């Protein structure tokens, strides 16, 4: 089997003295969608932040395309081809919608994603391109945040709680666009509380529980019982 | 978890040893007129003034988070008020020192009303503007010599004490007493309910606010109290100098740069810091002052190095390493097995 | 009547200089919430750099800007990368105290190198050239150039902030440092660029200061205060506001000096305190959104 695109090897992550991840391992192959599920505080966001370079593992390492990036700074990780859609969108409020997208392309990696392609994917953004990003609705902000991440032409896109605080119909609309993104050859890690949505969108599932991988497997092979056991730790 | 009872203790073993040492040191210092020469007395009195000023600034910046670079406003105000009271109103110098405190506290209220509108670092520069305004106003007071300043008339100096030696002793003991009072007041304040609130504010202003602590009110109280003390110390400093001018009274170098240096080197946010810092500052001054401006340059560099690589100052390093504290301030949670601490209030 | 017109005009023109003091200060506060206490001393440093350049190369002061501006920008970049970036964080004290220490170092370093003697940059014939605006109202060529340069500097900064990739990076980093990093922005570099830009403006201000009047190593803190007052009068975060703030400060000082020479500085401070009392957000605060 070919070596995976992303290879997270037994990482330990800490907030000060508090350990948030215990020897977590995870692999993502090229073109694959992986879901990471788990209860609040299980360490899902910590895992994404560590992969994205916002935090650095104290033990273990992160390999991307065979290169160790565990100690790389976030701005450097983007240049390697990993982009994070942060929890809560976090668009830049001082920037217009289009400026938010343009700054996503700051790292100038070559690839298929251009301003025009983003507007094709989310036409509503083209209509609002010159408005301040604060004027967008929650769903539109999420689209802009995904677009902003895509502008760096990543090989791996990390999505942190895309559905958070959005109406189900909006969530479905956004998830409906994900296959178009994967079709461009991207790999995805989706962190979700909405398990059903995550399982539908992904091939592989990892379930985190109190900082440890409690369960992993192919999405269609996992039973509802095994997932809820891993999720709730019962 | 439920098998442990806890109580909050102020004192540690080192702090009990500390108190004995402090009392012994105080006794030695109080007797200095009988063992030291005039030079020593002058130097010690000057050191006491800096300990007091730095402790007050430490309370303001290190505990209340009000980083002022304009405390020279109150040093100079105290000095000028003393000279005005003595020369124009004929008040006895000692009484004038006592008056300087409350008057400065009253002045501090409108000053705070203006400068508190500025946040963080802008507050710092705002206080500096106020000090400049004070300096410019002082140079307009023609009875006190305007821009060139004035000396205390000999007759008034003699009225303090019949001989020069008696006057010098008097000022020395006054400086020691005032510093001890300022330090004791700060310790008492920090051990009070307000002190606890201050620590909470320092650790997390937002959390303190949401816990119903009137952050602004406490900051205002501290600002006014610090002005009270700073002004009295200022009055005493210029009584000792016997001469005042706008530039010396409102000097940002003397009353703010040096004071900040002392506090940072010694350890900001710690009561012992200013004392250690003053000793280091005077040791440096005695050995390096021949270098002139180069000496100030070194001082600035040392302050930067300490701020970046030892932000808790020298005392912070010592306290962390050995768990020392000279004054019983830190609250320690003492955990004891429940059966040994059965009685409950 | 024309006497007062002259006074106010002088005030307006010097206000341009104050606006340049303020713009550099406002810029770095906007990007990284840093208040640089050494700002005034850096202005004076720029004046001395210009002095050395004009003396050793025989350039006139305005031409010397071609060397002084990049030199100061370089100093700014290095200062931020090597020193000031270490001070940034949640705590207010480190940046404040480190720049305060820096201020003392620059002042005493200049004193050591150049003594306390007053210096001045000689600009030649242009210094005495004046135009008559109307009957009895005269304008010096140099103050006019200085004011026009100030307007150009502020217009340029405004454009850079809202029309260029660097400006976008400044605004994004100011909004959210962590996410800015996720965009591939090295915030340490962004901050250093902001400081370089600030000191480029400082360089221009320093040269005009040095041409206009005598300077010595001790005058920095007062320039910091003027810049700061202009920022607060104009309203935090607004570039054109700093110009208005500088002009108001300049006019207040000129009017004060006209009443009584001892009142020049006091009148400026009082104008600042009055605005702080009635309109603490400044006259032209940045409209959010």
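By letter and in written order, the chains are A, B and C; residue numbering begins at 1 in each of them.
Please note the rule applied: a residue touches a chain if its C-beta (ideal position, glycine included) is under 8 Å from a C-beta of that chain, and two chains touch if they have at least 3 such contacts.
The structure displayed is predicted, hence computed values, not measured ones.
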item	value
Pair with more cross-chain C-beta pairs in contact, given B-C and A-C	B-C
Centroid-based (C-alpha) most distant chain relative to chain C	A
Whole-Å gap between the CA centroids of chain A and chain B	53
Chain centre separation (chain B, chain C; CA means) in Å	33
For chain A paired with chain C, centre-to-centre distance based on mean C-alpha positions, whole Å	44
Touching residues (chain side chain C, partner chain B) in the complex	33-35, 37, 83, 86-87, 92-98, 100-105, 107-109, 111-112, 221-222, 224-225, 228-229, 232, 262, 265-266, 269-270, 272-273, 276-277, 280
For the chain B and chain C complex, residues of the former touching the latter	61, 65, 67, 69, 114, 117-118, 120-122, 124-126, 128-130, 132-133, 136-137, 139-140, 147, 252-253, 257, 260, 264, 268, 292-294, 296-297, 299-301, 303-304, 307-308, 311
Touching residues (chain side chain C, partner chain A) in the complex	165, 168-169, 171-172, 174-176, 178-187, 289
Residue numbers on chain A that touch chain C, as the complex places them	52-54, 73-75, 78-79, 83-84, 86, 90, 92-95, 99, 102-104, 106-107, 132, 134-135, 148-149, 152
